[in-house]
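Order as written gives the chain letters A, B, C, D and E; numbering starts at 1 within each chain.
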Amino acid sequence: MNNATASNASAHANLAIKAECRNFGFHYGDFQALKDINMPVYDKKVTALIGPSGCGKSTLLRSFNRMHDLYPGNRYQGEIIMQPDNTNLLAQEVDPIEVRMRISMVFQKPNPFPKSIFENVAYSLRVRGMTNKSELEDRVQHSLKGAALWNEVKHRLNDLGANLSGGQQQRLCIARALAADPEIILFDEPTSALDPIATASIEELITELKEKVTILIVTHNMQQAARISDFTAYMYIGELVEFGVTDQVFVKPQKKQTEDYITGRFG
Amino acid sequence: MFTTAAIVYILVKESWIFFEAVPIRRFLFDTQWTPLFDDAHYGIMVLLSGTLTSSAVALLVAIPLGTIIAIYLSEFAPFKVREIAKPFLELLGGVPTIVYGYFALVFLTPLLQKIYPELPGFNLLSAGLIMGVMIIPYVASLSEDAMRAVPMALREGSYAMGATRLQTALRVVMPAATSGIASAYILGISRAVGETMILAVAAGMQPNLTFNPAESGATITSYIVQVALGDLPHGSIGYQTIFAAGLSLLLLTLTFNLLGHWLRKRFREVY
Amino acid sequence: QALVKIDGSSTVFPITEAVAEDFQKAKKGAVRVTVGISGTGGGLKKFCRGETDIANASRPILDKEMADCRAAGIKYIELPIAFDALTVVMNPKNTFLKQITVAELKTMWEPGAQGKVTKWNQVNPAWSDQNLKLYGPGADSGTFDYFTEAVVGKAKSSRGDFTASEDDNVLVQGVSRDVGGLGYFGFAYFFENKDKLKAVPVVNKKGVAVTPSIEAVMDGSYEPLSRPIFIYVSAKSADKPEVKEFVEYYLKHGGKLAKEVKYVPLTDADYKHALDNFSKKKTGTAFGGHSEVGVKVADLLKRDPKE
Amino acid sequence: MMQTQDIQAIRDIIRRAKRWDAFFGVLGILALMVGVLTFMTLFVDMAIQGMGRIDANFFTNFPSRRAEHAGILSAWVGTLLVMLVTGLAAVPLGVAAGVYLEEYAPKNWLTDVIEINITNLAGVPSIVYGLLALGLFVYQFGFGQSILSAGLTLALLILPVVIVATREAIRAIPQIIREGSYACGATTWQTVKDHILPYSSAGILTGVIIGMARAIGETAPIITIGALTFIAFLPPLPFTGVPPAGLLDWLFAPFTVMPIQMFNWTSRPEAAFQTNAAAAGFILVLMTLAMNGTAIWLRYRLRKNITW
Amino acid sequence: MNNATASNASAHANLAIKAECRNFGFHYGDFQALKDINMPVYDKKVTALIGPSGCGKSTLLRSFNRMHDLYPGNRYQGEIIMQPDNTNLLAQEVDPIEVRMRISMVFQKPNPFPKSIFENVAYSLRVRGMTNKSELEDRVQHSLKGAALWNEVKHRLNDLGANLSGGQQQRLCIARALAADPEIILFDEPTSALDPIATASIEELITELKEKVTILIVTHNMQQAARISDFTAYMYIGELVEFGVTDQVFVKPQKKQTEDYITGRFG
């Protein structure tokens, strides 16, 4: 599997790498969920993780912001190197909080805090110690605009986040993630709980966002991956089977297995 | 944690003095409990029998009724009934026990005597029955929580097979909630064993080695209050008995709780 | 603000409470009095630790407690303040019981009777063969001690299979519902429940059956079941003006108030004598660290107390 | 495939099964009635007995030997103050313990032991707490028979209830909210302070009030630590006590509480005192009713604003 | 929308109809989740319900066995007629239990009861009042065979159902549904929680089952619908957009909307 990366990497050698998995592996207690993953994440591009249910997409994604540290018994192997500072995100001496301040995350189910819309977005800033009222307001507005939500909520910033529709909630969560001005944003099936219209608006947003930030997204929906991603990684039972430019992976996959999956022969 | 340590320390320390004077064999096997009499006997079995009998009566009321109420509220009752009945039941658990005690003595006992004239004015039966009523809310409320925690998917599975409410409740929901229900029962038992005022008022404080609820009897707890309120000189062997009795009580509840913990571990919900 | 702290027997409580109430009113709130109930034993324990000024006691101080007080350097003045007449009661439906002798009571109550004497006619063949059900205060009470001493001859020596309760109302309930019931408790409880219970006349040493009443107790004919009850005043506290005033008030007005709460007062002479003992600070107990039956209060007050 | 007789057979089976359903429905209501009726009888009985005695004087008078003058002023003030201490002691301790166990403690055998311990404490008879408090607070710490000792005793008694309620409330917060907070870069403490505590406050408060409603009726442990029975004055207001005047003098003041007042009255010989006892009992039950009512209302009010 | 049915129905007029929605509608309280559905379900065929998330597939499926009766405030409109006895399943006087005895259901997440494997399957029979031990054993064995699970569990019938793997659990649930000898089995995304191998075995099982019983299945996976169903219904926001023979719907959908969905242009 090691060469899955190698074979394709040459094709886009001119791109900057934002992060990179090196011989990365992961264990839930005794269960090895990921094995020997080598994969680049290119700067200001959208990378999609696809694969059948249970193949480890979420596990890989959540390793990038050390979410697994919250639960006992989990163990990382190998490295995830972040650029430009060449930091190993998984290193003992790197504080997971530092990692999470640089890498935001948006979840499958919109999870706004039971607070006002304003406070939801401001939270990432407050955590960073920002208290200045007007600065907060500026940044919140900016993030809500970035998440294409400002016009819909500008008159009701004090409403509860939960009062928004599902799609709006998800955009609120994106605004929250944006507020922190992160280098990478992780999305774990961000539209699977949404209706088609909301889905379309989130997809559009993601394509806009990649101007400013690197994006890693897990999706079950092959069409979605095809529509929005620049690179696609196909995983199967904890291994990275194929990685490449999206168009290439979808049109001319190098592995039979990938082809079977993409054409719907199983899964 | 610290509290337990402190409780155990004080009880053991004081009981030590007691057991230095009274060999443990006499404590366990004597059939009379007359520590304050001239001819002193220290058979804890007597108090234990009272404790167990009254608890048994209480549990015979509380467990079936509590379980039925729990099933009814979680599986049968319309939303409105449940929202009103549950807090109401919780009130039953909030009534000061001394109030229950007098209620048993001046209301229930005469009532029972009409049915069963032989019944003495103080008996473990009426105290136990009222105690049962007092415990119902604990059993019902906790069991209901456990049953409601059973995922709807399981219930839907049963209904989809064509089961009625009762079939679903008894054959699917109850087994799935076993561990929660077991802990509700255990808590009920602990409450019964540890209840003080009801028994002190209505059961007759007569140390009596009997398992017949229609007699009067003394329990460990009622003995402790009795002595704590009494004219006994502190530091005497008679006074020390309350710590020995307290220790026995603690061991008893501890046993039940460990049993409960084991049961919970054993029947961990597998939805 | 001056504070007088009192704790001890529940038997003595009603009188002390009444005195405390009136005393505080008389002093217009300048002195505060608190009264607790933790039993004679509990009260004396606190007293001998120096935590309270006065202990209410329904029995004399015992050897062990004397030692405690001595160890803590607490000296005390023993003051009888009223009588508690133990009343033997039966169910009003009981027709055959006209009077009872101490010997008959002993047959019923002695330890040997346990499980054996269960019918009235086993005590006196003239009585019916109804089941005999006994009611009495708990074994930890001063009343129980006194009754066993007076009837069986030895304190705390009793059968165990009777219904015991700390709360005399509970005993009232018991006997009033049980046709074959017999019980004993303080006079006040009988007095308040005259409609539900009947007092049994007890045959005294002279062979006369006496029905308990305030007069009979005061003239000494109701015996041996009447006993004096006490307060113990700490000698050190007695130096404090508020305590001194309170005790004096107690001994001056206690008789009237005792009667009001249905206890039997001492004679005026006895109160005077007690007041005299108090002002002379006669410390110690007139008993030798154990209780006695049938002593006259006048004699007690004359004795030379020991510590 | 499906014959009419098959359907008939099925209908028979259903009818039979449904008869049991109906039977159980009735049984459930009856069982509920046993509880409800007992409470009603008890409550009405007490109300009828005690109602006559309840007037303004009953609340503003001190105890007295004359039943008709006796009131519960010192008792209800004492109860209120003791509850205040209980709440102030039990809430921070219980909540801290609950939060620690849920959010910080590693899940190992030690937490297991602590867990058993807490459930076990909930089953320890209250009288045993009384014995403990007597030795610990009254003598060891020298707090005497004061409001402070009583409050702390009851706080110990309800601590398990508060801890369990806290943990339940915290567990009801979906993991996804927690992950959301951590993903924003929050520390554990920030997560607890900004999310866990605010969102679980309704549940915690409910637990505290239910615990306090239980504590308010406790007689046995307060008796063992030696609460007073006759006390005809109130604890000093802050800064008004005879020197040295202080803010917290009342903590060390002697006191009595409602259940003890009631207990004392029930054991008096005069019938009039029984009426007083019923009146006091009635008010005590009303107090617990009010507390439980508040708990239910709070649960309802605060939960409305929190949806995941 | 009414003519969605009509247009296709002619093509398979020779097939027997097992059940039929007539002007069927459904309300969750005030919210109308389904509107005016007219659709046949053909006897001994597999009918697939597809459509974007939230379009009402599950709602429609669960109307067939009156699952909505379990929750307050739900309301049916129109009729669902079952053949051959021409019963309106939704009629007031029809007991939902009777309906459920005729129509079994398999859920999205396997939900075995916390009982032994044997008791799980026997449950449907016990509910029908069967107590005879050997008869029960026969029927349980028969159903487990029907669900292709017999060989794997015959030695551990007293094991807890929860101890099986996900795919086995789902087959156990199918066995449970089969034991009742139902006329229709409803499947609500039965494989969405399973891995590819388990999914394949369930799909195979469904194709076998249609020899004996009518099947209605909700699926998110277009490929799955194409592989196993004979008829496909495409729904969108509470309405039935298109109904027809599967091959036809997938190859030459009559509505533009259906085509967009199937080719992955949205959803």
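In the analysis below, a contact is a pair of C-beta atoms (placed from the backbone, for glycine too) under 8 Å apart; a residue touches a chain by one contact, two chains touch by 3 or more.
Every value quoted in this text rests on a predicted model; they were computed, and no experiment measured them.
Any chain bridging chain A and chain C, meaning touching each of them, is among D; the list is complete. Counting only chains that touch, the fewest steps needed to get from chain A to chain B is 2. Comparing chain C-alpha centroids with the centroid of the full set of protein C-alpha atoms picks out D as the closest. In terms of C-beta pairs in contact, the better-connected of the chain pairs B-C and B-D is B-D.
Chain A and chain E have centres, each the mean of its CA atoms, that are 35 Å apart. Rounded to a whole number, the gap between the C-alpha centres of chain B and chain E is 49 angstrom. Centres computed as Cα averages put chain D at a distance of 50 Å from chain E.
Within chain D, contacts with two or more other chains are made by residues 14, 17-18, 266.
Taken residue by residue, chain C touches two or more other chains at 10, 37-38, 42, 166-167, whereas all remaining positions touch fewer. For chain B, residues touching at least two other chains, in rising order: 164, 167, 225, 228-229.
A list of each chain pair in contact follows: A-D, A-E, B-C, B-D, B-E, C-D, D-E. Residues 65, 67, 70, 72, 97-98, 100-101, 104-105, 107, 109, 111-115, 123-124, 126-128, 160, 162, 173, 176-177, 180 of chain E touch chain B in their complex.
Partner chain D is touched in their complex by these residues of chain E: 84-85, 95, 97-98, 101-102, 127-129, 183.
Those residues of chain A that touch chain E in the shared complex are 52-54, 192-196, 199-200, 221-223, 226, 263-267. Remark: chain B residues 1, 3-4, 6-7, 10-11, 64-65, 68-69, 71-73, 76-77, 85, 87-100, 102-103, 107, 130, 133, 136-137, 140, 164-167, 169, 183, 186-187, 190-191, 193-197, 221, 224-225, 228-229, 242-243, 246, 249-250, 253-254, 256-258, 260-261 touch chain D in the complex.
Residue ranges of chain D in contact with chain C, taken from their complex: 62-65, 144-145, 226-233, 242, 254, 264, 266-271, 274.
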